[in-house]
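Next come two complexes, and both contain chain A; in the first it sits with chain B, in the second with chain C.
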Partner chain A sequence: MNHETHEADLRALLAGIAGPDAATVDLDADLIEALGIDSLAGLRVLAAVEKRFGVRFPDERLGDFKTLRELLDFVGQGGKG
Partner chain B sequence: MNAASDGRAPATLAELLRRVANEHAQRPALTSARGDQGEPCTYAELLARAVAGAQRLRSEGVSRGESVVLLAEGRPEWTIALFAIAEAGAAVVPLPADTPPAAVATAARLTQARAIVTSERSSASAQAAQPTPVLSLSVLTAPRAAHEPATAQSAGAQPTPSADDIAVIAFTSGSTEHPHAVELTHANLLADLAALRAVRSAGPGDAFLSMLPPAHLFELTAGQLGPLSCGARIVFSGAPLPNRLIDALRDERITHAMTVPALLDALYHEVLDELATAGLVDPERRGQTPAETARRMADETDAAHRARVREGVRRRIGETFGLFVVGGAAIDPAWSGVVRPLGIRLEVGYGLTEAAPVVTLGVAGECPTGSVGAPLPGIEVRIAEGGEILVRGPNVMRGYHRDAEATRRALRDGWLATGDHGHLDAEGFLFIDGRLKEAMVTAAGETIYPEEIEACYGDAAFRELCVAGVPGPHGNDLPTLFVVPDEERRGDVAATAQRLRASAPARLRVADVVTRREPLPRTASGKVRRAALVAQWIAEARRQDNQDEGT
Partner chain C sequence: MKIGLIAMSGVRVRTPELAELGITLPQFLNRGQVIASLPSLGLLTVAALTPEEHEVQYREIAELDGDAPLEAFDLVAISSFAAQIDEAYALADRYRAAGTPVVLGGLHVTLMPDEAAEHADAVVLNGAEGAWPRVVEDARAGSLAPRYEGLRRGVFEPEHYVRPRFDLLADRPYNRVTVQTSRGCPLNCEFCAASLRITDSLQQKPVELAIEEIKAATSQIDRPFLELADDNTFVNKRWARDFVRALAPLGVSWFTETDVSVADDDELLDALADSGCRQLLIGFESPDGNDLGAIDPHGFKAGRSSRYLEAIDKIQSRGITVNGCFILGLDGQTPDVFEHVRDFVDRSGLIEVQVTVQTPFPGTPLYARLAAAGRLLQERFWDRCTLFDVNFVPSDMTVEQLESGMRWLFTELYNEHEFVKRKRRYMEIVKQRMA
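Let's turn to the complex of A and B:
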């Protein structure tokens, strides 16, 4: 899968949790901030990404995945980013 | 030395550990979900590592009557460190792993901590509390190395802590300006534990999933001491991602879990989502509320479909899971209609750190709707004339740390004034009607003081500002910023508030910003009347709603 497919998948998955704003949210925007979701919805986003792409975020670095770009990079590297 | 039970309840945490280590020596006590930390730590090993840890603490100069900060996430080493500190005769000052550096420094200073024990993840925050020495959690709790002398015998030469020594000093908020540190003795904690065990049993075959920070007393007493006192196994979940929690329920054959309303909600959506993916429920229903789900489940007449859904849920969460205890904030009574048909019990309760912490407990769906259960045995609850809930019992704290004034206000004639409003029904069930204190409880069960949040929002664009809790959907408070703009300074008030919100630490971000033209309501001495402010805002919002409906 290429980057664009990943991005479309991620936006669809975000929209399921945070609503339609996910379609247009900036790649570098803090998602919790930009989509007005709480930190638990943030955990649901990470959970959905783990399931969809078969990756596992390292516990001690959960705070590093704040933007769509950071999620895309991690997913693009097969969860080794 | 045989520390077998002589029928007398243990007097200290160290004694409790010796007793269970003797009784359940080779049973697993502590483990991590996914087992990525190797073999589970057995009860015998927990004791050995706690004793070795206590020796290391003593060699750092820690002795009876002193205190040690424990700054870490929930993991097997957390619990070993708790007992190591208790074994050394010192008080534990537990802080959640994400405590900001300034709050760590304040806690260490106020408790005159002799050391800060920290995991790698929190070590940067711990360094901020210099000059307090920082000890590595993994080093402190490591199995005894070959070159270290065994000290099981020499431990007897140390002054033995007594039941009335302080076991835990717990901060009820991360505020640096308004720290409230509760002193709980060994007797307090063990009294609450005994009261819980008098009404709820668990045994060596049970496994408790630990998903809340053990620095919170609810998890510490009910989620850690509870299972350990009866030989059960504790499984630490790591980061509480809902998919991982559900995996752990199944893979670790979990039977019990302590949770908070917001996590319960996240788990529910996770399962609903998977049922939709599996075609067992209509995908349209992914977003439906627990109340809707409960109604649909009650109305479902097709027994075969009902059985398929139940089977689908069980396939996902495993066959063993049977009990959620929900703390921190009130829950929607509809929840019992969601989980009961699946064979899962939901316990509700009321507690506060000052009471070590559990005061009442009840099974949702069995106790009256809206109640938080009945007082535990040995704990008395009564309602003061003005409606405040008062609590008395051996679990009630001896006072706030170095704050005689606050202690005098909270403890009156042996009764703890909780700051919560409530009533008891004829059968003795407690109902919570509201909070008198200005502290807010978030959906995640965390206590935050308005002043902590206000400190992040000061700006010349605001003539006046104030943060107050507006009632939220999970029985929680939504921290809301009320601002009165400075008319002489033109500017986008909303944009300013959003900018300040974005730069505030995540836990101090307000849920909503309300701009008002009228001055904030104040007392004669100039203090903002937060309750009146919230009441005005709710009345105004209702009026607006009615107008909208009318047009």
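Let's turn to the complex of A and C:
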């Protein structure tokens, strides 16, 4: 899967949790602030990414994945970012 | 008339060691911030009860510059909880000194009307329904009575009900809105200083009315999170099922407070899971259930405590987090209680935890009992009614043991390691439900 496909998949996944604004949210925007989601929704995003892409975010770094680009990079590196 | 409605909000712990702890513990601070960020539903209701010919302005105390000249109003109404009441009185005194009549209302004022009357031209007891239109009329005529009694029942009947003026929240920086679906609670816990003190019995809003109100409230804010401002939303399970099913199509994320009996109703739990309910706050009070005594007059919680773990699992497995609440300093609790709570939280898998100290709010049966027993540390301590400051002598430990035990428990429960554990637990539940 290439970077563009990952991005499209991630935006679709985000839209399911945070609404249609996910389609246009900036790659470097803080997702919680930009999409106005609560902290539990933020965790649901991470859980959905793990499930969809078969990766696992390190527990001690759960707070580090704040933007679409950070999620994309982690997924793109097969969960080794 | 131009009427100013001024809301007091925010939780400020007084004990320095706890305040310092609050600054460094993420979850502890978060809850205080959330409470502080909620608008005053009571004053939005007062606004709605105000005849249209009058102009109404809604203000938060934080918006007012204490050193600046007072904003000019023809009438000022202030609502406050106990912890901020002295600030409310000081503001009322300033307005009155400037010649502006002041009306005080809310829970604390209802429970302590004589004290409040020293700082007001009039006090409103109970709900504003049935009282506020008369207050406005009398204020316009320059003949305010010293005391008005609002309704204690029938507040949601068509002749008294008004929809709160949620439009006053437009363009304000709230990300949460509150809607009330009921007032009162049949459990009648001794410590409770909430809406059961301003009602004679449980007052339930019809489902259709609650849903219309939620639509109005959530339409004012971009991507709102809804908090139901009830003390026990799901007392009536049939109403609860109808309400939750009607709420689901709105697509709102929401939170409320209820009791553990919600876990007895699988149909309701399934409906909750599909409705956008993100969290239920449940007062377990004690992990053991055998030290509840007078705070649980009907034995409701004591009788269910052996099934708490099962209940938490049933709720959380549906993707709804439980914010489990515990009270420290109950009669019969010894210094062992701190470890008991820590161990229970660990075993339970609770995703959120709220630990507070037993607080004898003025006007409650708990206050009367502790005062009669000579166990209050001061006669007047309203600014310390924060739920975190100790104001009484515990029965089976010293004040110092209670304070230091509480600090120990906070550091055990609200540290980064535990925070991450709870996050991961929630993510695994979400993933299981996606399977």
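Things to note:
Please note the rule applied: the second predicted complex is superposed on the first by the 81 of 81 C-alpha atoms of A that agree within 3 Å, B and C clash if a C-alpha of one lies under 4 Å from a C-alpha of the other, contacts with A are read in each partner's own complex, and residues count from 1 in each chain.
Keep this in mind: contacts are C-beta pairs under 8 Å (C-beta built on N, C-alpha and C of every residue); 3 or more make two chains touch, one makes a residue touch a chain.
This one's a predicted model, so the numbers in the text were calculated from it and none came from an experiment.
Contacts of A:Leu43 after superposition on the shared chain: both chain B and chain C are touched. Residue contacts after overlaying the shared chain place A:Gly19 against chain C, while chain B stays out of touching range. Using the contact criterion defined above for the overlaid structures, shared-chain residue A:Lys51 touches chain B and also reaches chain C. When the two complexes are overlaid on their common chain A, residue A:Leu35 makes contact with chain C while staying clear of chain B. In the superposed model, A:His3 makes contact with neither chain B nor chain C. Shared contact residues on chain A (touching chain B in one structure, chain C in the other): 38, 40, 43-44, 46-48, 50-51, 59-60, 62. Residues 175, 222-223, 225, 253, 278-279, 321, 420-421, 423-424, 426-428, 430-431, 434 of chain C are the ones that touch chain A when the two sit in their complex. Those residues of chain A lying in contact with chain C across their complex are 19, 35-38, 40-41, 43-44, 46-48, 50-51, 59-60, 62.
Interface residues of chain A, counted against chain B in their complex, comprise 16, 30, 32-33, 38-40, 43-44, 46-48, 50-51, 57, 59-60, 62.
Those residues of chain B lying in contact with chain A across their complex are 73, 120-121, 238-244, 262-263, 265-266, 269-270, 286, 443-444, 502, 506.
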